[in-house]
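Have a look at these structures, which come just after this line.
Look for chain A in each of the two complexes below; its partner is chain B in the first and chain C in the second.
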Partner chain A sequence: MTTVEEPAGPAGPAAEERPIGFGRMKRKEDPRFVRGKGRYVDDVKLPGMLHGAVLRSPFAHARIVSIDTSAAEAHPKVKAVITGETLAGLGLAWMPTLSMDTQAVLATDKVRFQGQEVAFVVAEDHYAARDAIELIDVDYEPLDPVVDARRALDPAAPVIRDDLEGRTDNHIFDWEAGDRAATEEVFSRADVVVEQTMLYPRVHPAPLETCGAVASMDPVDGKLTLWTTTQAPHAHRTLYAMVAGLPEHKIRVISPDIGGGFGNKVGIYPGYVCAVVGSIVTGKPVKWVEDRSENLMSTSFARDYHMNGQIAATRDGRILGVRVKVLADHGAFNSTAQPTKYPAGFFHIFTGSYDIEAAHCEVTGVYTNKAPGGVAYACSFRVTEAVYLIERMVDCLAAELGADPADLRMRNLLQPEQFPYQNKTGWEYDSGDYPACLRKAMDLAGYEELRREQAEKRERGELMGIGLSFFTETVGAGPRKHMDILGLGMADGCELRVHPTGKAVVRLSVQTQGQGHETTFAQIVAEELGIPPEDIDVVHGDTDQTPFGLGTYGSRSTPVSGAAAALVARKVRDKARIIAGAMLEVSPDDLEWTKGRWSVKGDPAMTRTIQEIALAAHGALELPEGVEGHLEATTVYNPPNLTYPFGAYICVVDVDPGTGAVKVRRFIAVDDCGTRINPMIIEGQVHGGLADGVGMALMEFIGFDEDGNCLSGSFMDYLLPTALEVPAWELGHTVTPSPHHPIGAKGIGESATVGSPPAVVNAVLDAIGVRHADMPLTPGRVWQAMRHGQVEAPQ
Partner chain B sequence: MRITVNVNGEDHTREVEARHLLVRFLRDDLELTGTHWGCDTSNCGTCVVLMDGEPVKSCTVLAAMAEGHETRTVEGLADGDRLDPVQQGFIEEHGLQCGFCTPGMMLSGRALLDRNPDPSEDEVREAISGQLCRCTGYLNIVKAIRWAAAHESAGREEAGSQA
Partner chain C sequence: MQVPASFEYQRAQSVEEALELLGRFGEEARVLAGGHSLLPMMKLRLAGPEVLVDINDLTELDHIDETGGELRVGALTRHRTLLESPLVGRHFPIIHDAERVIADPPVRNRGTIGGSLCQADPSEDLSAVCAALHAVAVIRGADGERGVAMADFHRGPYETAVGAGEMLTEVRFPVRPGSGSAYEKLERKAGDWAVAAAGVALCLEDGRMTHVGVGLAAVGAGGLHAEAVQELLEGREPSPELFEEAGRVASASCSPVTDSRGPADYKRHLAGELTKRALRRAVARAAAPAAAVKEG
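Let's look at the complex of A and B:
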């Protein structure tokens, strides 16, 4: 970027080509972050602001007998104590979830998971609020909890959701996809069938900034301004309108800088609603920011899929079919964020990247006494679970057949000429050259050489493992005909205005949490209009300033909003053509576009730049009949299909035979995200996702004891990888543009999180010669697997 | 209690509770919100500041304990408009995404370079291993700090040859 200073040293940054459009470019947002001038929710400070704290349940399942708030109310600095009863009086004790269930804002009847919200205190300062929640006396009558999802449907299991009328069990949904009969048929003629049960354990997105909000209700004009950690500000505004009965135009949701999201900041949490109520009750702004334990124990977890997979193949390694049964643990309230018609997200992409004849899956969702959530953590709506399933099954099959896992994959991958490809559960993959991608990863890794090295090491008793995964993602939700959240179609708006001097502002419905939208969206507009990215301001994260749309998750920003940005720029370009025609006194049809200017065909001297056109559009120029002045446009993009990024990953590990400790020595990732906008940002997205994958495979796990106590409520127990646990990533790429996306981009945000865990697990299991062991592959669990050939699912 | 704390070269006197943490003192009382917090257990390192040049987790230091020491925060890294090479390195090498861990990472990088002007990749990883980043996968943070090292040493050589 031209706007950043030279460093103090005399050797300034290399004068680098500055792209007008796509290409490597420093981020426009960085200068404020490196100065500590990011503005996160907890940085918001308003005059007279009060502070809120949430009292949470110590029990996983208990009836609330009574709540005595008198001592808290007597605290000199306390301004309000809010309980479920207070909220019930306002009709706010329960709120709808993103999956059409209801969730308690503050518990009235029972608590249903440890850490559930029971009361909210508003006080003059943060410390006083925390002190006062300790003064609230709640009398609980403990009930038996349902902790293990596999017991949730036992007839004798306690009913968790007795608040729902007529509820006699813990069943949420049954869902299936694919063709059961055709799958049975291919299984009946298979030479080999391999079955494996596996758990994708409960993990947590754990962004380093926890969730929080500052609510400010203006008592005079009735307008609520809410600064909040949200990946979907517009969807939140609509939901607040629905939940609280506030008129939507009187709600402004501002999502300022967000310290990481990864899906954790998609839903609406009770604390946000309490901050709003706190502000209404006190007439003052109220800040509520959760601490780390609250974040890990009560906000959207991810995964928790108990899966049984079967894969059928011929003896010579041709995969015929796959079938899967899943038991999905959704916690105490079904609050997963996913398109309405897809209760198991996009799990049915479990056929992966392979040319198979038939597939079938059944998913059953259940309630347990654990925190609600489900879809979160960069998973592209359950694609993570699906990819893990198929990539583990392929390795299990390779072990059964004595085949090399790379050969087996290569043999079964879809071929380039099969695209667009209709998979066996109803998806249409847009484009891909899978074999070239896998070959590239193998070449980068030196695959054959690695296998030789491994064989030599084995002779010496050293445990080295090589793991592969080949994934197909499905992102960019989605076509509004099929995809909505709470009835809101998943299409996104975009507005572009070119100012008289040729500078521009583009307004987005999506919201960055670190993905660099301020840069990439400027680059998309720059590419289409030829205005330098530095001259384009990207506005986002404020519902009063941006058009409606469903926000950033499921890798949907570039596939959906990126398309909107390109198309709105093309609209502006079309209008500029008419104006240029008037300026040059020629028919617009006689003009041709080269980046940044319209020129008369065959007479390049007759030309007007976009900046000249912008000035004319605001000036005295006589415009053609029907053409309005100014240079701006709006659009709403409704994607015709999802996009299908893909990639081939290879992980190399060394396992300590004495301790079971795993060292990830190398990680090679070749991604194809279609057209690449800013390679620097793409690489960063991949790096982060790979670290997530290593974390999930080796360390991260939200566990519970039999009473439903969460055992992973802090960063001492919920381990994130540090710089010492991850290697220097080795990246490559191929480029297969999406044929239906205006610029051919497919999205990259979640590819690496989706694709990397099976590569790591496959590598560890390859090293120790065990067919399957569930994540997290901590030293203790690896050691057990080495000793016993297996290890129990973690609890 | 009344305390005087020196932050970024300036003395600040405030009345605080004895239990007031340095991280909150910096953020709430001095409005230096570049220092973040991300955990309750001294694990994340988003709160790292320099005390007498050494990285400390400011969530683990009472504000009162900062008396008599020189505290430096991210707001004190740049010299006016001139960014510290570590800050520039983070921009050049895409060492940040959401920016939440960034101030702490940069300060640890600064402290490392002050005692070891040419750290190896492993030494940089070790130096930031008490801090978490959820976005970058660390490689570009390592590169950013090494970018700063390379540019500072180029700067020193040039200064040397001019002298």
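Let's look at the complex of A and C:
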């Protein structure tokens, strides 16, 4: 079912509504944030707390000859200096990554990227810790670095991971999906084949709060409490137990308010481990919070996919097949965060939203002397790269055929009756009405009128461009059978307890970083139980207080934990029915549910509210045989399939012919995330993602020079868009509920980040009449493209 | 959090005291004005002065006065004060053009004209503006005051005519009838340093351009004063052909380098393009000063 509604304004009276369930309402967490009362890791201050700082490598690739820490140790305020050697003694010099590789906590043999952790100083204050790291004398013997991933597999390339037994090259993995032979067959009979090489450059999540931890090992009871910036507190606790050999019940991970994650806070960083070791060694709590440059230079980046795409079609514009070859730059350690069996994430979805006959892709992962990580950054595990690839290829095909990009898409989109749809790499898209969504975006944009305006402007020598993208997302991992992280299945628990007075607490395994979970999850429970969201406390981010689960990334919170919250509320509702039956002295079968109450069928006066039932459940009421008191339930939700949000985006840009400067004039986004829980939160998520997308398309980029020096270590060089670089967003939506999800919700967190970059790039290229130019489309690069028809690799 | 190494802090209560402190500590001391260039460098530990002499109490250095055919601007005058001054806008719309695109409001609330000029970053917008306006820097030391023309003030990247034990106290701009000026800057995002920028100031006398000043930012240290362009334009009548020629000369006379802001050939192109644009607007403003006031 698709309903097409008009977008409501972001503010206005609707914003004041207080729904009991789904609907627009202001976020419950915002009063504390707008008052500056959020509590972040750096706000944690404990008695006797010490401060840590990390000494980092100035080289991209160098052998460590010696480390002299004596001067640092002599500093009057220094309490401990920890090196790789210290850690090796504890068996902690290396740690496993989320991709079954190992990563140095503190370097022992070599440094493998600029900014790599070499030593950790614990001192009485942060200033002294910083001063002391400058007193450590490291003797390095520089080695040739591998900076360009395309050179990583040259036979002469230096071997980066000589720590790995028997390793003689920089190759990490080969992975493929789809049907090679069938794809070759459709290509052989295609009228038109278009090929394009493109780079999705390395970018960074750049959360405003950098990463950090406060570790407090209680020397008396042996319990470690770790306040840390993590999107996945439970997974982190289990990993610390496995890595450090600490018993899991003696570890408590608390993820307090998190100032943005975007995937940057999925993995475990050496600094966290060092804070823990620092606390064990000194017997005092140790705080470590990285600075901006450390965050940009050493923590999880995203993308860095060198892609070659080919698209095959008939002369009249029917897309037959797609094939792709990818070279994936994973940096110095393969610590990408993704379900372990998926080395290229969910790149399978590069077939996009189109009804094609065959597809095939091959991905090769390589090591380079750059910061490790990858996948992170609002990308649903490589869906961003996949969507960019297919949406650029469709535009290249349109250019080749002389077709209108909107027409070409419309002609090839999957039709509503094709769902559930098996794509050509083996994934099942759950639901959608793609043509209605694209049509709606074109109507909102006034597409025909825009094309007329563009033609007129061209006559006058003005450069205006219109770019489209149509994306299909795949989010909400598991099922656990197929998806795990280091053996931990991707299924999430939820606990709900209704107190005697009818207020409730719901406990989640996932952890918000700004997505508004305290509101959304209260609304989900409210919708199921009829208790106002204000009366429902949402507890998350503390492993001692919440059930196990894998955390928040890949837009999985609502698809997975949202389902768990709805199901646990239904369990409570079912129990309430039995208790209401006892209260009303009727059989539960004779009761019917209307939001917030059970009533006797045909006799609405015979009714009990959920609040009355809660009191009775805790009171003196004689409960039926076998029914326990109280009103609570737990559940674990294992998703049967991923969910598939989608959307149609249209971007309008003006390009200054004299300078190459791009102005994003309009951006129309029509999203379908299935059932809409809180439209205001959805709009907020879309706004943020669109700004992200404009940033990636036009300015964000982590660059390196030929020696492997990172050139983007501050916000002066790593550019984030502001309100001044983005237009007033024009949003619309369609609603196609997911058929397999308890409330039909599909997830929205990453849609806009995934869908918007190709729309912006397509618009700029449409304006300047060039087939392809790699992001970021800074004025200089646009000018180069205008002048030479192509641009050099970004620097 | 990035933190600086330790340093000593002195807060001067008069220019004399500031000079005394600077004299006493010599090379180890640095003036602290708005701190928006110096403090970031200290936090990144690129600068490590042993003593900071804070001049923020010296209100006598925070002024804008018109006297004797000059506009005199105290070294401690904030970006924001310049931006909000109608007097500045009337005489020198180029300053308002530039101030609107320097950093962001929090930086403009604190950053000063003196700090901008003394920082001597080749990308500093006010340096190019002051060059175009043929401003004179007033430097004071224990032995008194001297005026230094802009062309001689900047000695190279991060190097000025201000010696140890001295400070910049004032910047003086000649006020001339029939003048017009404009600033054109290209940035990658709002508040970014210039990819390239061009400032032009001139007077129209009997339809001819006089007192022409052209300043370029971010296209090489030698580019601050585009003397070849000034010479080309001086005494000539404005015309589209001449503007094109001025753009070509500006391109040829600068020495940009390739970096993350853009390739050198692009910046060279921009120097020309932005010079042309600034020139057109400066001439238009000189021809119709009333419109310039409204716009500024």
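Quick note on the criterion: the second predicted complex is superposed on the first by the 777 of 795 C-alpha atoms of A that agree within 3 Å, B and C clash if a C-alpha of one lies under 4 Å from a C-alpha of the other, contacts with A are read in each partner's own complex, and residues count from 1 in each chain.
What we mean here is this: contacts are C-beta pairs under 8 Å (C-beta built on N, C-alpha and C of every residue); 3 or more make two chains touch, one makes a residue touch a chain.
Remember, predicted model here, so these are calculated numbers, not experimental data.
Once the two complexes are laid over each other on the shared chain, residue contacts for A:293 go to chain B and to chain C alike.
After overlaying the two complexes on the shared chain, residue contacts for A:779 are found with chain C alone; chain B is out of touch. Residue by residue along chain A, chain B and chain C are tallied for touches, and B comes out ahead.
Legend: residue contacts after superposition of the two complexes on their common chain; A:127 is shown touching both chain B and chain C. In the superposition on chain A, A:100 makes contact with neither chain B nor chain C. Once the two complexes are overlaid on the shared chain, A:724 sits against chain B and chain C alike. Once the two complexes are laid over each other on the shared chain, residue contacts for A:33 go to chain B alone; chain C is not touched. Looking at the shared chain after the overlay, A:455 reaches neither chain B nor chain C.
With both structures placed on the common chain, the touch criterion links A:681 to chain B but leaves chain C unconnected. Applying the stated touch rule to the two superposed structures, the overlap between the chain B and chain C interfaces on chain A comprises residues 42, 126-127, 291-293, 714, 716, 722, 724. Contacts from chain A toward chain B in the complex involve residues 1, 4-11, 13, 26-27, 29-31, 33-40, 42-43, 45, 126-127, 206-210, 257-260, 262, 291-293, 513-516, 680-681, 683-692, 714-716, 720, 722-724, 726, 728-729. Chain A contributes residues 42, 126-127, 130-131, 134, 289, 291-293, 658-661, 699, 701, 703, 711-712, 714, 716-717, 719, 721-722, 724-725, 778-781, 783-784, 792, 795 to its touches with chain C in the complex. On chain B, the positions that touch chain A within their shared complex are 17, 19, 24, 27-28, 31-41, 43-44, 46, 73-75, 77-79, 81-85, 87-92, 94, 96-103, 106, 121, 124-126, 128-142, 148, 151-152, 154-155, 158-159.
The touching residues of chain C, when paired with chain A in their complex, are 1-3, 5-6, 44-45, 186, 188-193, 195, 258-263, 266-267, 269-270, 273-274, 277.
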